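Several structures are given next for inspection.
Paired with chain B in one complex and with chain C in the other, chain A is shared by the two complexes that follow.
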Partner chain A sequence: MPARRSRALLLLLPAVLPTAAVLGVALTVAVLQSTGLVPVVGEPEPSLAAYRELAGGRALLDGLRVSLGVAAASTALALAVGLGTALLARTTRLGGRLLRAAAAATVPVPHLVGAAAVGLLLADSGLVARTLSVAPGEFPPLVAGPWWAAVVAEYAWKESAFVALVVLAALAAGERELDETAATLGAGPWQRLRRVALPLAAPAAVGAGGVTFAYVLGSYDVAWLLGRSSPEPLPVLAYRLFTDVDLARREQALAVAVVTTVLALACLVLTAALLARTTRRAPA
Partner chain B sequence: MPSSRRRLPVSAALVGAVLVTSACSGAPGPGAAGGPSTTAPERGWDEVLAEADGQTVDLWMYGGDQLGNAYVDDVLAPAAAELGVTLRRVPVTDTADALNRVLSELQAGTEDGSVDLVWVNGENFTSGRQADAWLCGWTGQLPSMEYVDPEDPLLTSDFGTPVDGCEAPWHKAQFVLAYDSAAVTDPPASMDELFDWAEANPGRFTYPAPPDFTGSAFVRQALYAVAGGPDEVPAEFDQAAFDEVAPELFDRLAALAPSLWRAGDTYPQDLAALEELYAGDQVDMTMTYGPATLAQQVASGALPESTRVLPLEGGTLGNASFLAVPVNAADQAGALAVADLALSPEQQLAKADPAVWGQYPVLDPDRLPGDVAAASAALPSSEAVPPFDELSRDADPELGAGWVGPLEDGWRSDVLGAG
Partner chain C sequence: MSRVAPARRRAGVAPRVALLLAWFAVPLVPLLLWAAADRWSYPAVLPTDWGTTGWRQALDQGALPALGRSVLLGLAVAALATPAGAMAGRALALHRVPARRVVEALLLAPVAVPPFAVVMGLTTLALRLAIPAGAGLVVVLAVSAVPYTVFVMRAAYAGHDVGMEEEARTLGAGPRAVLLRVHLPLLAPALATAAFLAFLVGWSDYVVTLVVGGGRLVTLPMLVGALSSATGNDAVVAAVSLTAVLPPLALLVATALLARRGAR
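Up next is the complex of A and B:
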């Protein structure tokens, strides 16, 4: 066993090394810059001023609230839709193929293109408003509105396809045989869903959900295009500070980036813990 | 057209990468202070041209303007090739990206930087000077500078920062508001009347949220109106003056907010978003710092045919944009040669043609050779946009770059936050 394990680790190296190198260097520099050790102007001097200034203002708290809210809503929707799609896809052969193809086609669409498309659809004078011939003033403010509806919709749509594909892959490993066996033993459809399909899908869904949450938390483009001017999600705040006229703001920008990264990492650690639990409980 | 801080929505894709790339390349190293010399060596122009021959110049510029890209690729680059210089255009989504690249390379101690020439003005120029990132004292060497009025206030100071030969003039620009003459029958004639008009027509006006370049310019234009004219606001930032005029400005804009699009609850993120609202008939006015673009958009049908520039009493803001050379540019002589070429009467005239790019020349008409002056007078005009001499009448000087940050911060906390 140890030999097999070390071989598995060896095979992972080509993926792990560049990731660790790029992330490690970028994060180290971000931490160094946010603590005043690599200033753009002036002498290096260690300080937590950037963090203190952020903690004193409203921007970071507002950003946390919006970013976590949008990430939670998008993840919940993506999980519900993605899981539903995957479970539906295994019931019929032709419908399953179609759903699978739809999910596979959605995943490679860049988020930016998705955001532009959602914007064209849901804007006040967008396609939906025009088709329903609603006057611009009366259409609900989905784009740039108070509920971030268009942003959540874009993430939920794109990420539900990702969830569906991951869950389908997990179910492909022997779910049909187990399902048929359970049916032979007299289990009804509801029982089979609860006792066979869901436990098999759970680890994949938890993993995909964690990845989705972390992704949405750190993503800029959709939130900027379809969001509103205030409050700003963390990545939008970080980028605005990074490009501020005042070069000293860069330290704050990188502090926001570090906070976002820590949150995303925390989310992934939590996911890993949850995953360990669901896998243990899942039938062997 | 302003080169700094203008963004298209498409730019969003790349910005995430910017944080990472600049963080990666900014490895700890000697700061800008110990870097290359910031003053260009004294030498004859022939010497510069001889050294430039065979060099490849990377011109980093805002890439979202198709006409500008076409002008550089199809007109300027072939002319540079005649000097033996290969001109390569590097499109960026925001001029700050180019500056970030220069700063990161300087931080890393790179002597042969990848940026040779940047289309820049305003705060990016000031930020670069703050970090000693620009080569200075070289524009006097350019033969084409003889056609430039040395006293021209727009060209001696860039948003209040002295130019000091650290950048060569390229275009002039004028801030304008435009309205749909089919919808607005009684166009306001001053900024104060504009505020009244917006309050009388709730939901039909808005402006891009600063720090968008155009939105920020609108706020400065509003500041002049509230303060009672450009003479009441010192060009150089001064905290006492700010404390005196800014509260009134923010009160006025906050009071205006409920009458804006979406009741001032949110603002378009950038000029492109405002233009979309205007083209979609959700608001009746738009604005731009590049009136030539407006003429093109009307001609192409992207904006309504009934679009007209709003003539404002007391004039509007004017500025110039420039070409700057980073201190660590690998092909410095080539960059100087291209900057001189771009300033030559022939290139300035070609660029002024609305069909080519429609950028206003920086040269003094009285100093131009006769044939160029005659040709520039004969350029075609647009019904939507009056000619430059009319637009730039009583042009207001830009405020110092020091004002931009505090005004944007104040707007964010007192106007946006209050809504």
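Up next is the complex of A and C:
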């Protein structure tokens, strides 16, 4: 039906057009500028100098290591806690309502505010140190320390709520009936968890995990506030280079932006592939 | 149908629920304590002197104008991203869409493309084309919000009964009446959720505002960032942070109530 088809296109336009324009233009400019084709000053001249210079120094490699490490640790923790919350919430009525409300209440907390709060909690003069009455100077450096503990804690906290809500939404679509049928057929709680709840939760968890990983990889504020100044995660490195008085550094900043974007998009593609496998294996 | 639940298993549930509730609540406890502390010297577990110094300092630091800017930014992002997401969601749920996979991937992409990369790429161009900073900021954030509004509205339209609209048309309602009296009221809860999520994208943003505004456009997260990167500001950081948490929390409760009323 051509009439309906053009109607669908018209309906899509207000979302598709700005998205394509903003992402397309931004990424094109980033690629062009990082390869010397749109210099801030001087004549355009194609070169991979920005990438070569970055690859030669330690900053990019360190950034990759820190960013991927923090993203992996945060995602693993968020998935564990979020899945645990969702699976627990479905077994108890009152507890389930409370857990749902608690998870929903963390969603509107901006990440930077979460970071400020986690700082007040985990700093060497924070609430945890006070509660444990640790002598000044003996508390482990969770904030701005070598293990990025406070950064991972903030991401794990916010994103575990996201994972829990996404998984709960997926479970709401018919888990109860399947679960009760399995119970009637004599399946024990452990079997029902493994054969009913987990297969239903798996696609949602995979999707939420992929989104969390990509988000943490590209997020600036929490690592900037709670991390140490060196080595820098990729977004922090990019912002420092971007705001350097030496305008030539901008090309390197955009190169870091391109590298981070490629990684995040690869993560999303990988998630989609994984999702296709999980949904195929799950009993419908 | 009663569920088989041995007493032993049941007994373990309450502590686990309590533990997870603590996980979600504990990070906000130091904010509440510091916001009510005039003085809180180190080893003390509770504030040494209670008071409202933090809130007074927050006012002096411009928390009110920052709150106003954050509200405006959130509303502007929601105003753009909600209708766009609703229309795209309707198309994806109810119509035959050419190149569906490509469209879906594109509308999901802003979730994965790091905002700092987008804004750094655009800034160069925006400067050359002299695009006003505020407009650029709103458009970039609205695009970041589109995946969420599309997701919510698509799910809502998938469960939406188009038959109601057709029935209203048969009964003589014009397109305007169908939209305002049938279509939109049925989708009000989903629209509220989508608008809330889009509002949060503008309300929570830090890095896009930082790069576009160069630090001169002070929203609430910008103020929290500036204050908490210096030491000794704990009380005022807590006050501004709570200012950034409480309004959307109130909005969340309101949306939940609206959704419940709509479900009835």
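Note that the second predicted complex is superposed on the first by the 267 of 284 C-alpha atoms of A that agree within 3 Å, B and C clash if a C-alpha of one lies under 4 Å from a C-alpha of the other, contacts with A are read in each partner's own complex, and residues count from 1 in each chain.
The rule is short, and it goes like this: contacts are C-beta pairs under 8 Å (C-beta built on N, C-alpha and C of every residue); 3 or more make two chains touch, one makes a residue touch a chain.
As the structure is a prediction and not an experimental result, all values here were calculated from the model.
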item	value
Fit or clash between chain C and chain B when superposed on chain A	clash
Residue contacts on chain A - larger count, chain B or chain C	C
First (chain B), second (chain C), both or neither touched by A:221	both
Partner chain(s) touched by A:244 [first = chain B, second = chain C, both, neither]	first
Partner chain in contact with A:257 - chain B first, chain C second, else both or neither	both
First (chain B), second (chain C), both or neither touched by A:22	both
First (chain B), second (chain C), both or neither touched by A:146	first
Partner chain in contact with A:41 - chain B first, chain C second, else both or neither	first
Partner chain in contact with A:229 - chain B first, chain C second, else both or neither	first
First, second, both or neither for A:109, with chain B first and chain C second	second
First (chain B), second (chain C), both or neither touched by A:14	second
Clashing chain C stretch [against chain B; choices 113-121, 149-157, 167-175 or 239-247]	113-121
Set of chain A residues, in rising order, touched by both chain B and chain C	22, 25-26, 29-30, 33, 38, 40, 110, 112, 115-116, 125, 136, 219-221, 224-225, 235, 238-239, 242, 253-254, 257
Footprint of chain B on chain A - complex, ascending	22, 25-26, 29-30, 32-33, 37-41, 58, 110, 112, 115-116, 123-125, 136-137, 141, 144-146, 219-221, 224-225, 227-230, 235, 238-240, 242-247, 253-254, 257
Contact footprint of chain A on chain C as seen in their complex	1, 3-6, 9, 13-14, 16-17, 20-21, 23-31, 33-34, 42-45, 83-85, 87-88, 90-92, 95-98, 103, 106-122, 124-125, 139-140, 142-143, 146, 149-150, 200, 203-207, 210-211, 220-221, 224-225, 228-229, 234, 237-238, 241, 244-245, 248-249, 251-252, 256
Chain A partner contacts - residues on chain B that touch it in the complex	5, 9-10, 12-13, 15-16, 18-20, 23-24, 26-28, 31-32, 94, 96, 103, 107, 123, 126-127, 130-131, 203, 209, 211, 262, 265-267, 269, 276-277, 280-282, 401, 404-405, 408, 412, 416-417, 419
Residue ranges of chain A in contact with chain C within the complex	1, 4-5, 7-9, 11-16, 18-20, 22-23, 25-30, 33, 38, 40, 81, 84-85, 88, 91-92, 95, 98-99, 102-121, 125-127, 130-131, 133, 136, 154, 157, 160-161, 179-180, 183-184, 188-189, 211, 214-215, 217-221, 224-225, 235, 238-239, 242, 250, 253-254, 257-258, 260-261, 264-265, 267-268
